[in-house]
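Some structures to go through are shown next.
In what follows, chain A forms one complex with chain B and a second complex with chain C.
On to the complex of A and B.
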């Protein structure tokens, strides 16, 4: 149901775009106003979100330790899993952000007869997640060629590597295939795993369909007869960036669908779970060292609480303590 | 509670299929065996808790205060402002499901609301509705829902079906920590008077007398004195166990169960033997006679109120530093919270072992050292003589307690102690130890009789791993370093793997420890001590000729 709903929303947006861009007003809206607004809202929204998080302090150092702590000199500390210093934290975060370290641990528990709980390998999620994010990044960077003139050398090199296998004409980019395959896996997993389907929200399917439509429209433009004139795309893109909008005549409906999917993605980003892109850097269980007993962590709101002082305690139990011959601070006769 | 207890065969067949209805439409089922009784009003009042009243979870009407919604929502807003963790964890979950089958309660019950992600959604759905734009506009479509009495009942059920063990946080790609969410959930529940008794009453007792059963100072002294007498009977050695001794070098703090519960008690005997044998200048405290902190299970304020005694007592007694016994949640508080909450401990000195001269640099701010760190340093420096064969009657495996594992990274120190104290040690499968260790299923204040079924379910993954090494290697002893483990693993194993017993690491140390002048034929439990008769002569000569220097590899 939730998946269907998300699919319908994406389809409606696609349809609206296709219908609207047959008019010149529609072309201006979907070609300039919407993308521009989307970029602005994305930037402002993400900054707002990060500031919103940062406004709350981190009262306690609650590192999750996934390896041996630093203690005695002859016990080897695992600085990447239980960081003893900033370098370790940096390494841990890098592994987490670039290689999804924690997801790499993933297992699948199965209850067999006996009863016997067995833990199988379940790294498909890790692989698909990693493939999706990395290929999306490469595809995104490849698009820089539409914004900058001249195209930097490293982008050209990356592009050549991406087309390394020289399949087809125009040359097939590996990342296009990986991106679509990964996103398909992530979608199917969500639908066919009963637990996952049970806990999924519409907001979990929506970005998958959105990115799917984004990728498919891009693939159509690159590999089919519906190709677009790259110089015209460049004209439009630089127009948006330089606040000097132009919508070239040659750009067709598929291009506008592609651009709209991107715009909706950017619009949706700061208000959705996609903020994990920034949030992962701010997770207190990962971005702090396990040096609690070495460096005191300060809690800015550490307010006083009512305690039971030794004096009050001794006052209450002085008689029994005296009878038991225990040391006392004030050896007074009780009433 | 006298209701009939479930059979292992029944609990072993778990149905993992989620219901057909959306989880928001499935009402919480308050069923005996799966929840905890409400707080005793007298003890809640003693702690000045809000909205104290007589109620029980089985009541239809929980007699919530009139403005309960306002209290909860304002409380949530307040905590969002105080904890970045809460804000970030509310916002960034992508529901990838990696955590789902990592929770022992989900594995043992199949209840989808025990998947960490859904447990968090219970709170997140309310957060979305009142604190996010999408939730305000789209409502249920965005995963938001209003705060109703049914939501509160659901929170009560599931935030007390989480042991704050943090296993899910190891697997989460963003490190989302369900313990943090459960702690916030419990604070909110407590703010409208919905606490459970096995947290409130021990907290009140700790606050008043210093330990969680409410034993008064003279009773505490009796227990320690009794242990000293008993130890003399077993070993022939009379040890000293000073209490509230001013000017001692070290204050020793351990969970109170060590001196009144079994099998904790044998670990206490082990400590006493060890401290005597190395001639440690230390003291117990009757005022700070509980390191275990039931406040952690209640609220950060309660944690701070109870924990304050440790530093206060160290200051009053004028000790140099503090040594901590075997306890799980206690060590989460000591390692991650104490210095921040009740520090800085600038009146103490950086811990240095008076026996080996080792400076414990890793504890230089908090000034508190774990007994396993302390003992493994003694062993490494050859300061104690251990006869492994005295533990030959046991085949040991080690249960990493959740908090020393995932909130400290204390893995190799206890293993080093065990390795030097016994000949037969076998690890459980790697997915069930170290940072991936499974909880006993009864931590964080839910180890009650009325919650028996849920405890057996939650402890099933742990017990099943014990079963594996029992079947494969004949393991008959599960060593651990946590008071809650020692209290709740015995009934868990009795239920699932009755052939295996539970002990502390320092019980093994105590059994293996060769003491000067000892005459013993039994171990600390009164069982015949393996190998002691044939070795008695050799031991005497070592002790007589060489009191200090002993070889490293005993």
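On to the complex of A and C.
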């Protein structure tokens, strides 16, 4: 039901785009105004979210238990799992961001007949997630060729590597296939696993459908005869980043669907679970050094507590205590 | 804001990476609102298929031609308008679009496309160069 709702929303946006771009006003809106607005809202929204998070104090260090913390000199410290310094934190963060290390440790518990509870590893999510994120990144970077002139050499090299096997014409990009396969798996996983289906919200399905529609419209434009004149695509794209918008005549509905899916993705990004792109850097279990035996972490929201130490107390009653022959830390004379 | 130094550096890196097209175009100063300008064909009235189709789908036609010539031994292409052409990149396409640099390469360089046609095909001499050799 939630999946269906998300699918309907994406379908409505696609239909709306297809209908609107038959008019010149619609072409201007979906070709220039919406992308501009989407990029602006995306950038401002992301910065807002990050600053909002950075304003929240972290009350205590969260000690992660998956590695040996720095303690005595003869106990070996695992600097990547329980970093003692900034370098270790950088390493742990890099492994998390580039290889999803904490997802790699994902486990599952299954009730088998007997009844018998069986624990095991569950790495398909990690594998599909890694495949999806990396191929999406490569696809995203490849698209920079539409936005810049002249196209830098490293983008050409990236394209060449992506089409390494020279399958078909235009040459098939491996990342296109991996992206579609991974996103299909990520969707089916939510549908066929009962526990996961129960947990899944519309906000989980919507980005999958959105990115799916984005990828499929792109694939249609590259590999089928609904192809567009990509020099015109480049004029529109360059126009957006040089604040010089043009909407060439030749661009058809498929292109506008592709562009609108991207715009909606950007618009939706800062307000959804997709902000984990920035959030991963703000995770306290990943970005704080496990050095609480060495450095005291003071809770930033600690209220100033009124204290009355023994020293102060003795100062107050020293004469009386002396008179009663009570032991004193500091004697009256030595005061 | 806590750890503001690190957060601000992170935000700046994020902006610098995502706004790469903006500052790259400003630095290069070569971004245009005009597409590549193609050299007019040296002869011929019209292309073997419609121009709009050729603009976006010429690679399909060339791929089809290659397959039919190399694998099936066919040589003659019957265009929808009834005309017949030899299926040959060098003898048919480049006969009219004589200057590869000012025709093929214009868009291919603009879009960073590197077709492997020229791995096998020899680029014919451009007409101007031919004229020079002829006069001599």
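Odds and ends about this structure:
In this text, the second predicted complex is superposed on the first by the 297 of 335 C-alpha atoms of A that agree within 3 Å, B and C clash if a C-alpha of one lies under 4 Å from a C-alpha of the other, contacts with A are read in each partner's own complex, and residues count from 1 in each chain.
The rule is short, and it goes like this: a residue touches a chain if its C-beta (ideal position, glycine included) is under 8 Å from a C-beta of that chain, and two chains touch if they have at least 3 such contacts.
The structure displayed is predicted, hence computed values, not measured ones.
Applying the stated contact rule after C-alpha superposition, one finds that A:330 touches neither chain B nor chain C. In the superposition on chain A, A:54 makes contact with both chain B and chain C. Once chain A of one complex is fitted onto chain A of the other, the partner contacts of A:43 are limited to chain C, with no touch recorded for chain B.
In the superposition on chain A, A:148 makes contact with chain C only, while chain B stays out of contact range.
Of the two partner chains, chain C is the only one that A:160 touches; chain B does not reach it.
Once the two complexes are laid over each other on the shared chain, residue contacts for A:235 go to chain C alone; chain B is not touched.
After overlaying the two complexes on the shared chain, residue contacts for A:112 are found with neither chain B nor chain C. Residue by residue along chain A, chain B and chain C are tallied for touches, and B comes out ahead.
Taken together, the two structures place residues 54-58 of chain A in contact with chain B in one case and with chain C in the other. Every residue of chain C that touches chain A in the complex is listed here, in rising order: 1-4, 7, 10-11, 14-15, 18, 20-22, 24-25, 28, 30-36, 52, 55-57, 59-60, 62-63, 107, 109-112, 114, 116.
In the complex of the two chains, the chain A residues touching chain C come out as 43, 46-47, 50-51, 54-58, 144-145, 147-152, 155-156, 159-160, 166, 169-170, 225, 227-232, 234-235, 238-239, 241-242, 244, 246, 248, 250, 278, 281, 300.
Within the complex formed with chain A, the chain B residues making contact are 12-14, 16-19, 23, 48, 80-89, 91-98, 100-102, 107, 112, 115, 117-118, 121, 132-134, 141-143, 166, 169-177, 180, 207-210, 216-218, 221-222, 243-246, 286-287, 300-301, 304-305, 308-309, 312-313, 316, 335-337, 339-341, 343-344, 358, 360-366, 368, 373, 376-377, 380, 405-413, 416, 429, 431-432, 435-436, 460-461, 464-465, 468.
Across the interface of their complex, chain B is touched by residues 5, 49, 52-72, 74-76, 78, 81-82, 84, 96, 100, 102-103, 105-109, 111, 115-117, 119, 125, 129, 193-204, 271-273, 275-276, 279-280, 282-286, 290-299, 301-302, 305-310, 313-314, 316-317, 320-321, 323-324, 326-327, 329 of chain A.
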